[in-house]
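What follows is a pair of complexes built around chain A, which joins chain B in one and chain C in the other.
And now, the complex of A and B:
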């Protein structure tokens, strides 16, 4: 009963606990092409869900991994990151992260470390893919070694949202990683939270029992030690 | 003319001036603050003209456009003006977001300056 939170909210993050649901978040500076990549992958005419009260854009996608159907929610920001840091619940229950920079703008590459630090603060273990976007503008960039990815042993993908290079591969691999993370490993924090929830439940049960005891005096009369 | 109380006139011309500066060249906003001014931007505090202008100038967007939905102004007992704004903004190519902003204006040497400024995006918690 006490868990009944009557909140006016279109977003149910509980669903990400279900086996066939994964949440993949996109990070990176504004205008590096996160939304363009999503749109390229999901093809024309796709209508994302705009949640303007949270400055969020959700892209829903159905994928098949090892013969099983997986419902994927891709989370994209809608600009609040320019004004403040991201809200903690953006990271909540995410199973993988796609972190994008623009090879044409150095600053977006430099800012990866800030994004990565914030990601790891909330999700220490989830798989993270680094994406070098807009390689169509300068193919020489694919010859460059980007130290950031190597330093943290993260996979690096050279993609172009404009001409589609590597876009499908990037997203299929991200989905695969999210699914395998979900099946095989659990963040320490997830476990702690799960524990806390169990404790809460136990405590509620105990309290309920106590209340019952009080409501029915005499039902459990212990011999009073005078 | 003259129907509106003086604080409404001063408040609304300040608001117009402020967002015009903000949208055209926000490095010029120093003109409206003093060294005792305080800004709270999304919960982060800044004090003094220099710190405030630095914060506002370094916000990571090129273009910004504010659109005012509503504004309210009141005189305070110590002859200041308090103003509240509800509006929408668009930064570069991002989707439009709502915001709230509040100003306290004080007349110093025949000029109105902003001594207190609080800004919040109109975004809500989820999950």
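And now, the complex of A and C:
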């Protein structure tokens, strides 16, 4: 397939407009285990695509959501996270975000606020999951409360890329959220169009009534708005 | 040649790695002294460890001694050559083989970051459930409810406004 070629590939982000395509981005500090999580989820099926010019790694995945095939692109950082900021194109057209910290390192948790602020600057509405990774290293952390997630009403997942706890659930849910976000934002546009049509219909009805008033009952003419 | 390693240590003067092992046939403790040659305070401890472990004369005896342990022993020797106390060397090893949870890894260059990652990888590999493990399960779900009663992680700021 063309996308498997090692040629410097163009980043085509138009495809994310297509119905069956979603883009899910990973955020978080250096060494919190973002790539390890990806690899644990995809197992043998993972074929990362390094896009060094964009400082990112792409993982392609095919999922099935409600009987429909969905092509998922996972975007992972490739070192750029150390600047605690990503390029705008990283966020462009993303449908969901997986935001990771390391339960062994407070600073990675504290930095979530920086990541979250940047995410919301570019994508104010997309679903975002907060991920507490490396719980295998310290299970006690799963018995603690983390206000960050609560404050922004974000789901919090306790996971371990090493032993696999909740990794598949995390990604399956992220895909589901991405797909539903995409459908709902479409629904929103549909609603707007529907609303416009309704206004026209109402106007027609009103005009019709006016005409009926003037004319004799029983005879109807279709109104012809000028 | 089968032998069971019991203890492995280092002698500073003259420098040698010393192994206490049991010969399985006789069930009796024996000592093997493996002299360390061409090692200076500028030497690379992990390379020295590898060379010793692969040395055809010692290989058979060192099978059960991990590369990590040998590397650590060479670090003691190296520290000694620099005139450091044992405590100082211990502290240095500790620093180089563990993660300082307060350190901001975003601020490190590629090489330093790779070092920290390899330290983290050790624990990762230790805890890793691999696909070919007999009890491997792909999809493991465990619920960790975030109840109100939970103790705070202690990483949130005091004020309720900030997280």
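Note that in this section the second predicted complex is superposed on the first by the 172 of 226 C-alpha atoms of A that agree within 3 Å, B and C clash if a C-alpha of one lies under 4 Å from a C-alpha of the other, contacts with A are read in each partner's own complex, and residues count from 1 in each chain.
The criterion applied here is as follows: a residue touches a chain if its C-beta (ideal position, glycine included) is under 8 Å from a C-beta of that chain, and two chains touch if they have at least 3 such contacts.
Just so it is clear, the structure is predicted and the values come from calculations on it, not from any experiment.
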Clash-or-fit label for the pair chain B, chain C on chain A: clash
Partner chain(s) touched by A:64 [first = chain B, second = chain C, both, neither]: neither
Touching partner for A:50 - first (chain B), second (chain C), both, neither: first
First (chain B), second (chain C), both or neither touched by A:36: second
First (chain B), second (chain C), both or neither touched by A:11: first
Contacts of A:145 with chain B and chain C, given as first, second, both or neither: second
First, second, both or neither for A:137, with chain B first and chain C second: second
First, second, both or neither for A:114, with chain B first and chain C second: neither
Contacts of A:82 with chain B and chain C, given as first, second, both or neither: both
Chain B or chain C, by number of chain A residues touched: C
Touching partner for A:165 - first (chain B), second (chain C), both, neither: second
When the two complexes are fitted on chain A, the stretch of chain B hitting chain C, from 60-68, 78-86, 96-104 or 114-122: 60-68
Shared contact residues on chain A - chain B and chain C: 29-31, 79, 82-84
Residue ranges of chain C in contact with chain A within the complex: 99, 101-108, 110, 113, 116-117, 120, 123-125, 127-129, 131, 137-142, 144, 146-148, 150-156, 163
Residues of chain B defined as touching chain A within the complex: 41-44, 59-61, 91-98, 121-127
For the chain A and chain B complex, residues of the former touching the latter: 9, 11-13, 29-31, 50-57, 78-80, 82-84, 87, 89, 92-93
Contact footprint of chain C on chain A as seen in their complex: 29-31, 36, 43-44, 79, 81-84, 104-107, 109-113, 136-137, 141-151, 156, 158, 160-169
